[in-house]
Structure formats: C-alpha cells, structure tokens
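After this come two complexes, each holding chain A, first together with chain B and then together with chain C.
Right, the complex of A and B next:
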C-alpha cells in the first residue's frame, strides 16, 4: 500500500503541470488588452496610461511559451504571482483563506457524515414504514433546495429576524483579540485557536458565525449522504451473508452495525470524497451569502475580475486537492474492503 | 422408529402477502426428523423447500412473509411461538444452517476466523483465544489445509468448495442437533459436490446430529438421505424412506422426476421430461396442484385436492390415482421385457 501511495504522489507534479498548461492556455485565449484590465486600478488610469506600453511592460503580447515559462519559473521558485483582487501574492492569498474554508468544511463534515450515515441506516432498517417516509421526504427536499435560496432564508431568519448568527467570520471585538499580541494563532482555525488560548469568548463568537453557513451546507450534503447510505444499506441487507449472520444467532443490532453497515459504506466513501473536495474547494455561493472570507469567495471574485494569476494558483490548488482526496478515498476503500488491493 | 422425534413439523403453512396477492409458499406441510438421521427434501425451484427451512429458523422476512398456521415442535417447544430472543439462542447453537451460495454467504469484509468465532462467542462461554482455537479445530475437521493460516484469510481468498467448508465449520462450531442444508452443493463443481457430501456424511456421524438436506438433485438425495419428502407447489406429495422412494415411487410427480434423470447405463435418444412447468404460486390450479402436468389427471383431480395419506407402512402419498400409476409401471415393464 505504501508503494501505491508513493507512486500516486510521484505523479502529482505531472498532473499539476498538465492542469497548469491547460488553464494557462485557456486564459491565453483572452486578448492581451483584456488581461491588462487586471493591472488597471481605476477608469481614470485608462485615459492617461499608454495601453500599448503597458501590454509590452507586462509582456502580455509575448508568445505563449514565453509567458508560460515566465509564469512556471516563478511557480517553481514559490512565486505564484501577484493577485490584484486580494492585494497580496497569490500563495499568501490562498494560504490566508484556506483556514477559513477548512474550518467551515470540518465543522460541516461532522454533522453531515455522522447524521447522514446514521439516518440512512435508520431509514433502511425501517424500510417502508412511516419513519422511512419522513426521512425520504426530508432528503428529497434537502437535496432539491438550491443553496442560494436556503442560505438566504437561513440568513434572513437567524440574522435578519432573530439576530443570532451574524455573517462574516468573527465580530470586530473578537478580530481585535486574535490580532492582539497575546493571542497566539496556532492553526488559524479560530475555534481551535480559541480553545488553545483558553479564550472561550472567541470560540463562542467563531461558532456563532459558523453555524448559519454550516446549516445551509449540511442540509444539502446530509440529504445526499442519507440517500446513498439508505440505498446501499437496503441492498446490503438483502445479501446472503446477512442471512448467514442471522442464522448464527447474531443480534439484529449487530447484524446491522457489524455485518451490514461496513459493507454498505463502500459507495458512501466515494460520495464523501466528492463532498470533501467540494467543501475544501470553497463554497462560492455559501461564502458569498454569508460574507465569509474563504477560498470560494476569493475564487469567485478573482475569476470575475480576470485576476489570472489567482485563477491559475487556485486551479493548481484544486488539482492538488483532487489528487490527494482521491488518494484518500482509494486508501479508505482498501481499509474497508479487503477484496480491494492497491497495487 | 420408536426414538423420540428431534423436530416435529405439523401442518406448517407460510404465506407471503405481496401486492399482487398471497403466495402460499408452504401450505400445510408435516414431517419429522429423528436424531441422527438425514431427511431429504426434494422438489423443483419454488416448491417451498427453502421457505420451509427458513420457517424452522424463523428467518422468514416479515412482512411480507408470515407463518400462518402449524407447529414446529423442537425440544418440546413450539418454535412458531418463540420470541426472536429465544430463537437467537437456538439459531447457530441447536439448529444451524448452510446455504446454497458459498460465494456470497460469507461476509466479505471479515476473516473466516472472525466469522466462525462470532458464532462460538455468542453461544459458548469462552474467551476470544479459546474461540480462535476452536475455530482452527473446526477448520481442521472440515478438511481445510493449513487452518492456522486460513483462519486469518478473507472469504475472497478461498475457492467455492473451501468457502462451503468454512460455512459447514461455522454451522457445526456449536455442535448443533440439527443442520439444515439448503442446496449446499448446487453451486459447486461436481467433483467438489461429492467431496462436500462425503464430508457432511462423515461429520454427521462424528457430531451425531440430524440433517435436513434440501435439494432439487435426486442424486444428492440418494447419496445422503435416510428418508425423503418430495415437495410440489408448497405441499409434500410423497414421504417415505429413500429405498422405497427409488424402488417404488407412488406419486406421479416422483415417478416423473425419476424418469427425467439420465442414467449412465441406459442409452436413450431423448430424456423424458415432465411436461409443462410449475404453476404460478399466485394462481395455483384448483384441486391437486399437479393436475396440469399429470398424465393421469381426472376430473376429480381438478376439483378436490388429495390429502397426504399413509398407503403402506411408512409411505405417505397425496394422490387419488395411485392405482393408475401402478398400471403404467406394469405396462412399461412389459415393454422393456419385449425388447
């Protein structure tokens, strides 16, 4: 298994190279004068500046390979370019937003996976009785409501009406605390840092800001994981080895938890992989609605402002994430199912 | 036989209430098994053999399945009235079961050792280490080479025959009084079939248990059974000891089955098959359920269903026209003599 993991990691740079080449050439399809807009701060500049000199200055009219090699040389030295939207280097912009996205993803994962799997198993065990119907309706509704609708409703009720869960990542006073010298940012995850610093007020404030986006993400993925688990579990419960387990005198509870659930989890792992990818890749809509400064929001603004250095950097990040998560999914398969051998 | 019955099934009926209607999978079946003997239950697919065995284990999925009436007396207790909790103590301990598909009957994500140990740990007061040793001993008894190594392997690492041996080891690990074998050799190669049957016969004597052997293969029945129940469409149509059944079948269905077996010493152009097929269980014919395929069927057969009756000592048949079959047999004999 170790050699499999090592081999997969060795391919990583090759794939990232391919991804960068592809995305770079797509960006090259945009004309040099359009790409120049990234460097122009205000409409007033358009009147005074000589656009042709600027295009020459930034080398936007150079042949493809020249521009690409200029960019990749920088990347190899750890310089991903300057992001105009973030007002800081791309690598720094991604790294500073990653903890926010990670924190949101981690907090969403716990209810989604635990709740989705348990409800799915519950629903399958109670196949066709009222409980099953209720969970099924819930899952269909949850999966069908678009995030931008549900998120806005959550924001309206819990912030607009009740004022419980404000948007953003931290309140101003909490922001001041974590920026002060006494507060050490170990992980940049506010909840964990707050706990490590023994500052429960920061923890509370961070959670208060996280709950609303977590609810609006959870409902969607919860419903999805539930559906996959339910159908996989229903299929597993019909398997011969379940009958064998019962014929040995195994308690029904154990038949489900030990014999059926482990087998039923295999397809769920695939979906969970996609989910982690989606969550860590940034949630454009959710982060935008809740004014949450994560990667999703950054990506949306970078793309809309033609900030191609940032787009390229994020593309590499996604590629990296995809490969790592796929690897994790493969390894989890091998752990759950002894028939799968990684070679 | 004056010995006490191990299990006494009286007038058992198991129905499935589906959306299309009620399927009378087992409809009034009575038989008994004595300690240490093998009862063969033979019949075509869908005749209710498996449902009978699952009813004894109380493993009928409910809904839609339900034991409608009848008694299953085992150790002076009626299993049809037992709670699931009591049944769990019996399953795997007093009555064990092995199934048709060794490829899918073992859980793919646990080692065979874990799965055998599970049964031992449920029913016996032993620790994990002892259970493991017992599992290894059982694997040795069922003839699995290198049991210490095999015990830690997963089902997919074993062949079909080996897996069926593991199933047998698992079923016998708690020394049951009755082993229900539901088509244990059907999915296996012929040579492996013979090995498994031989193994089961040997273990039967060693463990002193009774076997209920369910199969559609008359060859298997001849090999292992003491007595045989022939089932058709949810009922037992003929019930007697194995020698009598083969020498002197009294029910037209049994007779038809015997004729459809190819014999190595006879050279025939065409095998005689029973015409038609098993009637749809949702729509059984009125009267004798075999009347649609029976060469001797009369109006009486189409109207009134014959009850199973003892026509000779230890030979029960459910047919109105046992005499007609005898005539046919005599005719056949004459024909042969002429040749």
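Right, the complex of A and C next:
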C-alpha cells in the first residue's frame, strides 16, 4: 500500500504543474490588454497609468515561459489579480465565500451518500421485482433532469407556492445576529457556529435556506450512487462467499448487512472523486438559482461579466481542491480495500 | 455478442424501446422544423422570432400555442428549432471528442511505456477541473456563441473515452491474434486499425450514446448561465434562463408563468432521458456480470 500512496504523492506535483500550465494557456488566449485585470493589484492602477505602460510593466508581451514563471510566482503567493465582480482581490473574494460553499457541499453529501447507498442496496436485494423497477426508473429520471430545471421547479414550488424555503443564505435578522459582537464566528459555517454559540434560531434559519439547494443538487447524485451501488451489490450477491454464508444458515438480513454490503461499497468509493467533480459543477448552477452567496455563484457571475481574473483564479482553485480531494479518495480507497492494503 | 443481436435485444426491451421512440420523435421534429415552425428569415432560422417587445411573458394562445417567454420570444418556435440545436451540439461534440479519446487511448494503450505515461498524465490534468467549470472558463475566454461552446466541450470531453479505450486496448493486446499479426509482420497501423480498434470499439460506442444526454445538459447549462448561445438563439437552456425572473409568478399566483420553465424543461429532460434509457439498456445487455 505504501508504494501505491507514494506513487500518488510523486505524481501530485506533476499534475499540479500541468493544471497551472493549462489554466495559464487559457489565460494567454486573451489579448494583453484584456489580460491586465489578472495582474493588477487594484483598479486605481488602471486610472493612474497609461495601459501601454502597464502592459510593459507586467511584461505581457514577453515570451510564454517568461510570463508563466512570473505568473506562477504570483499565484504561489496567493496573488490572482483584481476581481471586478467582487470589487476586491480574487484571493480575498475566494476565501470569504469558501465557507458558504463548503457548508452547502457537506450538507449535500449526507443525503447523497446515505440515500443513494441505501436505495441501491434495496434495489439490488429486490432484483427484478416491482420495487427494483420503481427505484431504477426514479434513478434514471433523476439522472436526466438538468440541475437548472429541477432547481427552478423546486424554487417555484417550495418558495413561490409554499413559502417554506427562501433563497439566499440567511434572513436579514439572522444576518444581523451573526454580525453582532456577541456571536463568535468560529468556522464561518452558519449551522455549526449557531450550535457553538447556542443560538438555535440561527441554526434553524441557516438550515431553512440550505434545504432547497441541497435537494436540487443531490437528486442527480442520488441517482448516480444508487446506480453504482445497485450493480456492485448485484455482483457481490452472486459471489461464492455469499452462497457459503447463506448455506451455513446465516439470516438473510445479516448476509446483506455484514457480508455483502461492505464489499459492495468498495467500488462506490472509487466514484466518489467523480461525484465531487460533478458536485462542484452543480454548485455553480444551484448557487446561482438560489442566490446563495458562495463560490459557485461568484464563478457564474464572474463568467457572465467576463471577469477573467476571477474566472481563472477560481478555475485554478477548483482544480487544486479537486486534486486534493481525489488524493484523499485514492488513499482512503487503498485503506478500505484489503486487496490493495495488503499488497 | 454481435451487434445485430444487441440491436434486437434493444428493441425487445420495453424501456429502451421507449427511449428509441423518444429519440425518433425528436429526429422527426428536427427534420420537419421548417414546416412545423416556418422561419421568418430562412437564412437565419435559429433566431427565435419576437412577437413584440414587452418584457412580461404571455400565456399560451392561438397564435403562440406554448406562449411567449420574457421578451416575447415564441416558446413553440424555440422548442422546435432547439431540438436541432440539441442534436447538433450533442452529435458534433460527442463525435469529435470520442474520436480524440479513441486516438489518445489507443496510442497510450498500444505503445505503453513513456508515451502511455505522458498521455495519461495529460489526461489526469484535464480531468482535474470540473467539466462544467472548465467549459465555462474556455467559453468565457473564446466568447459567446455555439461554436465556442462546442470547442470548449470537446476540449474537456475526451478524457473518459481515452481512459476507457486504453484499458480496452491493454486487455486485447495480450490476446494471441494480435501477437500472431505481429509475428506475420503486419505494421502497427494495420494492427491498430484492423485488429485492435475493431475489437474494442463497442463499449466506446455505448459510452458515447450515454454521453449525449450529459453533453446536451452541459451545453444548455452554459446558455442558462448566459455564457453559451447568443441571446435569442433557439436553445433550450437559454429559453429556461428567460424564465428565471418569472419563476416566482406574481402576488397570489405563484404559478402564473409555469409555461416559461416547464415546457422547455420537459423538452430537455425528455431528450436526455431518451439517450439515458437506451444507454442503460445497452449496459445491461452487455454487462455479462448482470446476466442470470
């Protein structure tokens, strides 16, 4: 297992370098004058100096590798340029919006994983009977509805008609509470901060705003995890050791729970990385629909306003995040799967 | 399994037959678009005609059977020509990206060694960005327009096929008939074209059919976010973005503008559903582990 993990760690810098090169190549597709925004420290610079001087100052007509090495030095120091959309440096804008997105993503993972796995096992156990067909139809329909259609319908019904789940991240009064001096923001995750401060009203309000985006984002991945779990469970149920357990007289419930489910879940872990990839994409849509002030909404509005500095900074940030998550997934996979662990 | 046998099973399976039916329905709509919704300007049929300049959508009526969207774009016209857009984007993007994937996967798997290592690390790099995010970045940089959307989707859409093809090639390379061909002195290109690709292509084709749905969803997501198709272009994603400001209806009548989101929403959902149903049935038929 150590050699597997060591290999992964050795590749890591190569991938990081590759991603930075990819993002920089996209940046170079933009003309030098438009590219300026990704270099300047504040918009005041654009007013004081002539554009040509600035292009010269940042060396935007230099050869590719010279510009790349200069750019990457800045990036490593956390300098991604000035975001017009946010009205602040890109790195600052990203850091201040990250907790909101993290909170949404973490909350979405719970129903996705729990619901998807349980439904998948359920469907496999009832292989080919009506329950199986119902869950499969549900899964394939869920997989086919675009997030932006489903999200808008959820908004229409749960906010427009029923008035239950308002858009945004917090109500105004709750916003006032968390900004007041008495409320300490330990993590900037409103639900957890609310609990730590013992303020259940804030917790309730935060959850109320989170439910609709969580529903919209999870349906797709629910369907996906269900599908993977089902086929892996079906395969496991045909294995010899399951037959052995059954013929020993072990109760069916125990066979499923103790023998089959654990082993069937190993392939589900491998797709977790792919799922996080899709979740990050889905967040862009969901946050935009529900006016939830996180990284996804920031990214979408930056893209539609051609705020290159923010778009590229976020792309790099998302890429970096994904590489780290994938590394964790691979390592945990190696720990879970005895075939790799004992190698 | 021979492809005739697979096709027969696809038609016998009720679920996939339903999927094939929907696909045929959309094909008919796209072909007969000029008759179903005659364009005002035959040179530019993809621009949706406007029935006025008022902002508020109007409900279905005799003149506009599906109603009009924000800015008085005719929803029926947009749905009909949007089907063509969906097929065009889906087929072109899936086609080209699959070809690129086959090429890279085959070279990596067949030659192995350093070439394999380099190609697969490049694949890893491209996979390190969420598909939707990467597509948005490239479209933003290249500028609005359907051609640029397609370029972006192809650029970041070939990696899955490449990985699949590589593992297929690795499997078949060990087979005796490849060694026999090598021993007989066949050159690499002949072996790849004649023996390797022909014997590995099937799962790749299935994978391609299953990607149609997700590619069309991603393309329309870009239009929905306002970085894809130009304003007024017949594209389902954009028609849904027209509904965003009206989603909450008016005081006391929350569902007043239901048609602006539900009609294009159903069109795109059924389009993707049909491809997914066929792909799903494909997978069941070909997965020997699921056979009883």
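Everything that follows uses one rule, which is that the second predicted complex is superposed on the first by the 283 of 343 C-alpha atoms of A that agree within 3 Å, B and C clash if a C-alpha of one lies under 4 Å from a C-alpha of the other, contacts with A are read in each partner's own complex, and residues count from 1 in each chain.
Definition applied: a residue touches a chain if its C-beta (ideal position, glycine included) is under 8 Å from a C-beta of that chain, and two chains touch if they have at least 3 such contacts.
Remember, predicted model here, so these are calculated numbers, not experimental data.
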- Message: With the two structures overlaid on chain A, would chain B and chain C clash, or do they fit side by side?
- Response: fit
- Message: Let me test your reading of the model: by the given contact rule, A:262 touches which partner, first (chain B), second (chain C), both or neither?
- Response: first
- Now for A:144: first (chain B), second (chain C), both, or neither, which partner does it touch? second
- Query: Given the touch rule stated above, what does A:160 touch, chain B (first), chain C (second), both, or neither?
  - Reply: second
- A:204 contacts which: chain B (first), chain C (second), both, neither? neither
- Item | Touching partner for A:252 - first (chain B), second (chain C), both, neither | first
- Query: If you stack the two complexes on chain A, which partner ends up touching A:31: first (chain B), second (chain C), both, or neither?
  - Reply: neither
- Item | Partner chain in contact with A:337 - chain B first, chain C second, else both or neither | first
- Message: Just to be sure I read the superposition right, which of the two partners does A:19 touch: chain B = first, chain C = second, or both, or neither?
- Response: second
- Task: Check the contacts made with chain A and report whether chain B or chain C touches more of its residues.
- Result: C
- Query: If you take every C-alpha pair with one atom in chain B and one in chain C, what is the shortest distance in Å after superposing?
  - Reply: 10
- Item | chain B and chain C footprints on chain A, overlapping residues | none
- Task: Spell out the part of chain C that touches chain A in their complex, as residue ranges.
- Result: 121-122, 124-134, 136-142, 213, 217, 220-221, 224-227, 237, 240, 243-244, 247-249, 254-255, 258, 261-262, 265, 268-269, 272-273, 276-277, 280, 287, 289-290
- Query: Across the complex, what residues on chain A touch chain C?
  - Reply: 11, 14-15, 18-19, 21-23, 26-27, 29-30, 140-141, 143-149, 152-153, 155-156, 159-161, 231, 234-235, 238, 277-278, 280-282, 284-285, 288-289, 299-300, 303-304, 306, 308, 311-312, 314-315, 318-319, 322-323, 326
- Note on the structure: Touching chain B in the complex, chain A uses residues 239-241, 243-252, 259, 262-263, 336-339
- chain A touches which residues of chain B in the complex? 57, 59, 84, 87-93, 96-97, 99, 101, 104-110, 115, 118-119, 122-123, 154, 156, 167, 170
